[in-house]
Structure formats: structure tokens, C-alpha cells
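By written order: A, B, C and D. Residues from 1 in each chain.
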Amino acid sequence: MKKSNNAKPITENDSRQAQFRLLLAVPLSALAVGLGYAVLSLPSQAPGLSDHVAAKLEISGVSNPVTAVLLNFRGYDTLLELGVLLLALLGVWSLGAAPKRREPSPGLVLELLSRLLVPLLILVAGYLLWVGGHAPGGAFQAGSVLATAGVLLLLAGWRLDTRFSGLPLRLALVAGLGVFLLVAVVLMLAGGHLLEYPPSFAGALILLIEAAATFSIGTALAALFLGGRPEKGSHR
Amino acid sequence: METVTLLQPVFDTLLGLALLWLAWRALASPDLFKAIVLFITFGLLMVLAWVRLDAPDVALAEAAIGTGLTGALLLAALTRLNSKSDAKSVHEKEQQRKAHN
Amino acid sequence: MIPAFLYALVGVGLFTLGLYALIIHAHLLRKILALNVMASGVFLVLVALAARTQGMPDPVAHAMVITGIVVAVSATALALVLMLRVRIATGRAELAKEPLE
Amino acid sequence: MLALDIPWGVMAIILPLAGAMSCFLWPRCALPLGLVTALAIVICVAGLGWQLLEQGAQRYAVGGWGAPLGIDLYADGLTLLMLMMTAVVGLGISIYSCGYFNQDRARHFWPLWMFLWAALNALFLSADIFNLYVTLELLGLAAVALVALAGGADALTGAMRYLLVSLLGSLCYLLGVALLYHSFGSVDIATLAERVESSPAVWAAMGLMITGLLLKTALFPLHFWLPSAHASAPAPVSALLSALVVKASFYILLRLWLEIFPFAGAALAQLLGLLGAAAVLWGGLQALRQTRLKMLIAYSTVAQLGYLFLAFPLASITGWTGALYVLLSHAAAKTAMFMAAGNILYFGGHDRIVDLDRVVQHLPLTITAFALAGISIMGLPPSGGFIAKWLLLEAAIRSGQWWWGIALILGGLLSAAWVFKVVGYAFTRSEVPHEARAVPAAMEWTALLMAVVAILLGLFVPWLLALMEIGLPFGGEGSAG
């Protein structure tokens, strides 16, 4: 409707845009200076919550403090965050089906690469998952490495068999949040608070949750890469 | 040892400036493909920053998610954006329909 | 102690840079990139300031950033697909100008 | 005694999450699964209310760690009323959407809606500012996906703009959280309230968090994204966006303002009040100018959100209670209005106001619902909207700032003007006949029921005020600011 108006006075539009940019740069620079000042005004020593974490690390079930925070002390955040990931996928699926594949052959290099890399990446994911208890690593890192393997497979032209693209795929996507929620509720029903691990089982339960979460995160991220829901009968 | 401690502030400053510069280039680049590649490079430098800040867990997450997957998502979206011939046709059909009415 | 504040300042810079780009660019892919740069800035502030300790940096801030990175990639994925749908529906990967009344 | 020990609040978060997952897993049974979950949530909220009445405000340490290391949930009278509002509106929307969505849409609607409900309940119960960030993101993504469910260019661009604004708001909020956390070493609201003291970092955090939340609450002039998103969404989604989602970010703002930023100062409060008054007038005028019914109702939301901010300069318990009353009665009335608009769209295939063509003959219940909701929005007795404005007016006069009353009265007149305009056209014949598709009875009755709730809110005032006082969310005697 207004397109015809916009098309003509390009030069005038451009100069107005330049003015706008200049005008915008002033308050934003002020914002940057103000925020910078605020940051610099903070004390140069602040332990945050590291002492609290160190004090309770013993009974958290893991020895990597970041994993302890993610899966135990602030596990509830992580639970909701798995919800965010699943929700994003639901949103993408509600927007339509995945686009049909155009290129029939992905090329020899990619195929070789995926054949070599995928097993390696799955190994790395498993390693990261296992090592997350006591060293850097954990479910999110492992899950995203797993997803990278999935993305490579998708790039090489592999598609999930339609037999599995229904309930089995959905189960795989829900597993992380589902297991996490189930453990949380069972612990609550057993007499504790929501997500209150008994210290002797904490390590095992965290590993269980992380394994399920890794699987789901990997599947969800790879499915997000597909950019739509896998439609029945759309393979090949 | 001396030289290492002396070099560290220099390295940090350079890394910080490089981050800002790359972010700026990525956001100002006229070519979208270039912008995304610059953004992925920016993510790789962020991994270095996390390592410097003693945050190996964050570095791993950033390397796998921040650069790897986000980059793949962005590139895939760009491919679909550029090659979407049917996108135009749907819109044009719509326009024609409107013109007829 | 200096690197903590240095990186925090870089984070502030990235935040404002991203905000600037978010406002001036019309193309949705650029807006999404800008939001990602802003997010990196916020994460950098969170992690950098967590390094103001004697020994190990504060793990709580690291955990928050890992949470944030996953949230960011989820939102980015949704935004990219939505962008493609907008493109199919309107023929452009931009938002129509607001009627400025 | 056992039932009093059940953590009803926690259940109100877990159930919708579980419901969302099961609706996703078994899409064919999504409708019954969703309805059962909705009923169960209502029961949980009732249980929580009973618990609060018996035992006073509740704190719950997730994981048993307790703040500042762990995450706490907290419920007082304010939380309870927000949860009750969500439960009542949520149940209504659940029933309404049974008729509204076809099988294909319903499959996507139910899991998203359950996620949104979970996010709302989690948000209202959270006492931790980082956890609030996660719930805000959950809420924002669910809301955006629901808007996009309508399909079509308007809804998709509306959803896209909403997503960008929502993410920007969250990032501003998160940077504020980062500054507060690194200033005081905690993200627990109660702990922060004890430790907080004025400093540049706290002021920056306050500015960022308030701006981010105002953007999500769509306070004038940051409302630009709201009308397109709310008007282009499917009708039940419009209802829950206007009734619930924008209120969630306002709730966080209110909590932070009362607990963490009591030193904010009168100048900022006056500014918020002024923006609120401007929103009331601007929203009202724009609503009057609209030609589409849903767009009109969306602009009225912009106006009604303005009333909420009139309480900030008043800073008294009466003022806050008034704002809360606006919030509750607007939720019920606006749900009824969007449902009514949805019915009209369903029936006639369009929502052009001038072509309503004696729709009252075909949809008498719907038009009654619209008119009753209009009474509450205008602020006529005996509705909830009347009590709300009465309380705000009383607070304005008591604090010697009578001029805020002008905004209240003008806003009421503007609302009256557009309500009468719409109802008038519903009785007038027009050139263009309707498509005339039969509207399911459930959709008409839920609209009417929601409007009745909005009126009833004006009759149960002492009861609601008693609930509001649990845990003294607005402080004890005297002013909070």
C-alpha cells in the first residue's frame, strides 16, 4: 500500500536514517558509560556464593562445583530450562513441517566426514557426560556434542525413519524433562522437598538425570536444526 | 614466568578489543553470509575469553552450542532464506489475488 | 583482578553494541544476530565479575550462564524459523514499519 | 491434617509441566488430558489458598537447600490472588478452546498452553530473581508460539515482533540480575531485600530491570508491540495474553519495587504514574479510533495497564490494593471481551465493528458478556472495575494527589464511549451480511461466565481483601514508599 511511496525518495530516506543513527548513538554511548561506571563501582573482591557451594559440595553427589549447582543446588532452574528447550521445539513444530530436502547427494567429502566424525562425536558426548561429575563437562555440553553429530548426519542426507518419527521421537525429546520431573516428584513423595536428593544417592540420581537430559538435548537441538516437524511420509 | 604475567594483560586487552571489533563487523557487514561467519568467529573468541576467565564449563558449552549449533542454525536459515523460490511465489500469488479483488 | 573488570567492560560494550544494531537494522536475521551479541555481553558480565575471588571463581554464575546459553540457542532457533515463516507470508524478512501516529 | 502438608504450590507447577508433556506425547488425547490438568491445577490452587489461610505466608526450599544457595518458592496473599486469577481465567480458556480450535490446531495449542500455565504459576511462586528470568523466557516463548498459531501474515509478524521485544526485555532484566548478584552475592529476593543499599550498580540494575519489565508489560510508550500481537492471535490466546501474560511481568516489577528497590524515590514513582496516565488516555483514544473489534480490545488493554501504574506515586496500601483490583477485574473482563470477539469472528468471519449487523439477535449471550465486561472496564458499580477505581481514587485523595483522579475519570469516559459504540453497532443493521456459522454453546457460556466473574469481583470485596492481607505483601500500616 505504502510501498510506492517508499520507493522514490531514497536519498531523503537515507539521510534521515543517518541522522537517526547519530541521534541514537548519543543515548546509547551514555548508556554504555553509565553501565561501565556501575560495573567499575563494584568491589574488587567478592566471593559470591562460592563459599556456600564449597561448604556443601561434599554432600552434593558430584565434585565439579558447576555441575553441583546446575543439577543439585539450583536444579530447579535446569528443570525449567529443559522445559524452555522442549518448548522452543514445540514452537518450531507448530509453525509447520520441515522443508523437503533439495540436494539428493551430499557429496563424498561430507559423507566420509560424517562417517568418521559421528562415532567420534558420540564417544566424546559420552565422555563429557561421564566426566561432568568431577571435571568440566556435563549434560549440556554432552548433549550439544551429540546434537552436532546429529546435524552432521542430517547434512549428509540421513533422515529418521518414519517408523520412529512419531511417538518414539517424541519420547526421546521428552525423556530429559520427564525423568528430571519424575525424580524430583518421587523425592518429594518420599518425604523430602522437591528435588531433595538423599546424599548417598545424589551422585547416581544426578547421573541418571544427566544421561536422559543429554539424550533429549541432543535430539532436540538436532531437531531444531531440521527447522520443522518431521512430516509423515515425507521421507525421500 | 615474568614475561607470562606481563603478557597476560596485553593478551586480555587484545582479546577484548578483538571481541568488540568482530561483533561490530558481524553486525555491520552488508553481506549476510559474511556476517554469520564473522559471528561464528566471534563465538570462537568468546571461548578463549571463557578460558581466560577460568570458566572451562562455560567454554565447553559455548564451543559446542554457542558457535557450533548456533552457527549451523544461522547458516541453515540463511540457505533457506536465499533459496526459497517458493517463498516469493506464495507472496506474489497473494498479491495477485489482492489485485484481482 | 584487572581482567575481571576488563572483560566486564567488554561485556557492557557488547550489550550496547548489540542494542544499537537491534534498533537500526531492519533485516530480521541481523536483529537475531544483534540479540545474540547482546546475550554474549550479558554472559560476559556475569562470568567476568564472578572471577573476583581469591581461588576458584564463583560457580553459581557459571551455571547461570550455561543455563542462559541454552535458553539463547532455543530462542534463536524459534526466532529463525519464525523469520522464515514471516518471509514466506510477506515476501520479506523484515517487519513492516510501525504506523507512527 | 495430612492435606495441609501437601506442597500445593509446587504441585501447581509440576502438574501443568506434566500435562504439557503428556499432551505432546499423545496429541490425539490432548483435549481430555489438558482439561483434566486444568481441573487439577484449580484444585491445587484452592489447596494452596486453604493452606495460606490456615498457616499464613509460606516459604518452600526447593532441593532443601534454602536461600541463598538454593532456590526458594514463596507464597503470600499477592501470590495467591495471582494464582487464583490464572486458575479461573485458565479454566475458562481451556473450556473455551475446546470449541474454538479444530483437531489440527488443538494438537499444538494444548502443550503450548500447558507450558504457558506452568510458566505463569512458576513465575508467581518464585522468590529468586534468576529463576524468574528462566520463567520469563518460558513464558515469552510459549506466548510467541501461541500467537503464531493463528498463521497468516499479521499473526506471524506480530509474533516475530513480540519475540524480539520479549527477548530484549529478558536480556535487560538478566543484566540487572547480574549486577544485583555481583553486588550482594544472592539472587534470593528476601536476602537481597536485607542486604540492598544504594550504589551505582544497584541503580543501573534497577534501571535495566524496570525497563526490561516495562517493555514486557507494554507500558506506554513501550506498548508498540502489543496491539498487533494481541489482536492477531487466536481469540483464546488473545484473552490469555491480555489477561495473564502482561500481568506476569508487572507482578515481578511490583515485587522488586516493594522489596528490593524501596529507595527508588518519588521522582521515578511520579514518572511511572505519568506514563500510566498517558497510557490510559492514549490507549482509550486509540481504542475509540479502531475499526476492528479485536484491535480495539487490544488498545483497551494498553489503557487498562496504565491504571496499574497510577499506584506507584500514591504508594499506599489502598493504592496497591486498587492496582491489584484493576489487575484482577481486568483479567476477568478482558478474557470475556476477547472471547466475545472470538465468538463474533467465529460467527461472522470478520470483526469489523461497523458491520456487526445486529449480531445480538444471533449471539445474545455473547453481546451480554461483552456489555457486562464493558461495565467492569468502564468502572461502573457494582463491578470489580468500580471497586478498583474507587480504591485508587481514595488513595489519590488521601495522599493529596487528587489530579490522578482526572486520569481515572477520563479513562472511564473513553472506555464508556467505545463500549457503547460497539454495543450500538451490535444492534444496527449493516450492508454486509454475516457468514453465520453456528457458535458452540460452550464458547458463548464461558464468555458470559467470565463477564459475571468480573462483576462478582465487586461484590466479594471484603473476602478478597482478607486474602490479599496474608503475609502483608504491601507492608504493614503506613506507606510503603
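Rule of thumb we're sticking to: a contact is a pair of C-beta atoms (placed from the backbone, for glycine too) under 8 Å apart; a residue touches a chain by one contact, two chains touch by 3 or more.
Just so it is clear, the model here is predicted, and its values are computed rather than measured.
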Q) Where are there more C-beta contacts: A-D or C-D? A) A-D
(Q) Based only on mean CA positions, could you tell me how far chain C sits from chain D in angstrom? (A) 27
**Q.** Computed distance of Cα centres, chain C from chain B, in Å
**A.** 11
(Q) I'd like to verify one number: the distance from the centre of chain A to the centre of chain B, where each centre is the average of its C-alpha atoms, in whole angstrom. (A) 17
(Q) Where in chain C do residues touch two or more of the other chains? (A) 4, 9, 13, 15, 19, 45, 49-50, 52, 56-57, 60-62, 64, 66-67, 69-71, 73-75, 77-78, 80-85, 89-90
Q: Identify all positions of chain A at which a residue touches two or more other chains, and write them in rising order.
A: 35, 39, 42, 46-49, 53, 66, 73-74, 77, 81, 84, 87-88, 91, 95, 138, 140, 221, 224-225, 227
Q.
Multi-chain contacts only, two chains or more: what residues does chain B have there?
A. 57, 61, 65, 69, 73, 76-77, 80
**Q.** Those chain pairs that satisfy the touch definition
**A.** A-B, A-C, A-D, B-C, C-D
Q | Complex interface listing, chain A residues touching chain B | A | 64, 66-67, 99, 102, 128, 136-138, 140-141, 144-145, 147-148, 151, 221, 224-225, 227
Q.
Looking at the complex, which residues from chain A come into contact with chain C?
A. 2, 17, 20-21, 24-25, 28-29, 31-32, 35-36, 39-40, 42-50, 53-54, 65-66, 68-70, 73-74, 77-78, 81, 84-85, 87-89, 91-92, 95-96, 138, 140, 217, 221, 224-225, 227-228
Q. If you look only at chain C, which of its residues touch chain B in the complex?
A. 2-4, 6-7, 9-10, 13-14, 17-18, 21, 25, 27, 29-30, 32-34, 36-37, 40, 43-44, 47-48, 50-51, 56-57, 62, 65-66, 69-70, 72-73, 76-77, 80-81, 83-84, 87-91, 93
Q: Write out the stretch or stretches of chain C touching chain D in their complex.
A: 15, 19, 22, 28, 31, 35, 38-39, 41-42, 45-46, 49-50, 52, 60-61, 64, 67-68, 71, 74-75, 78-79, 82-83, 85-86, 89-90, 95-96, 98, 101
Q: Give every residue of chain B touching chain C within the complex, in rising order.
A: 8-9, 12-13, 16, 19-20, 23-24, 26-28, 32, 35-36, 39, 42-43, 46, 49-50, 52-55, 57-58, 61-62, 65-66, 69-70, 73-74, 76-78, 80-81, 84, 86-88, 90-92, 95
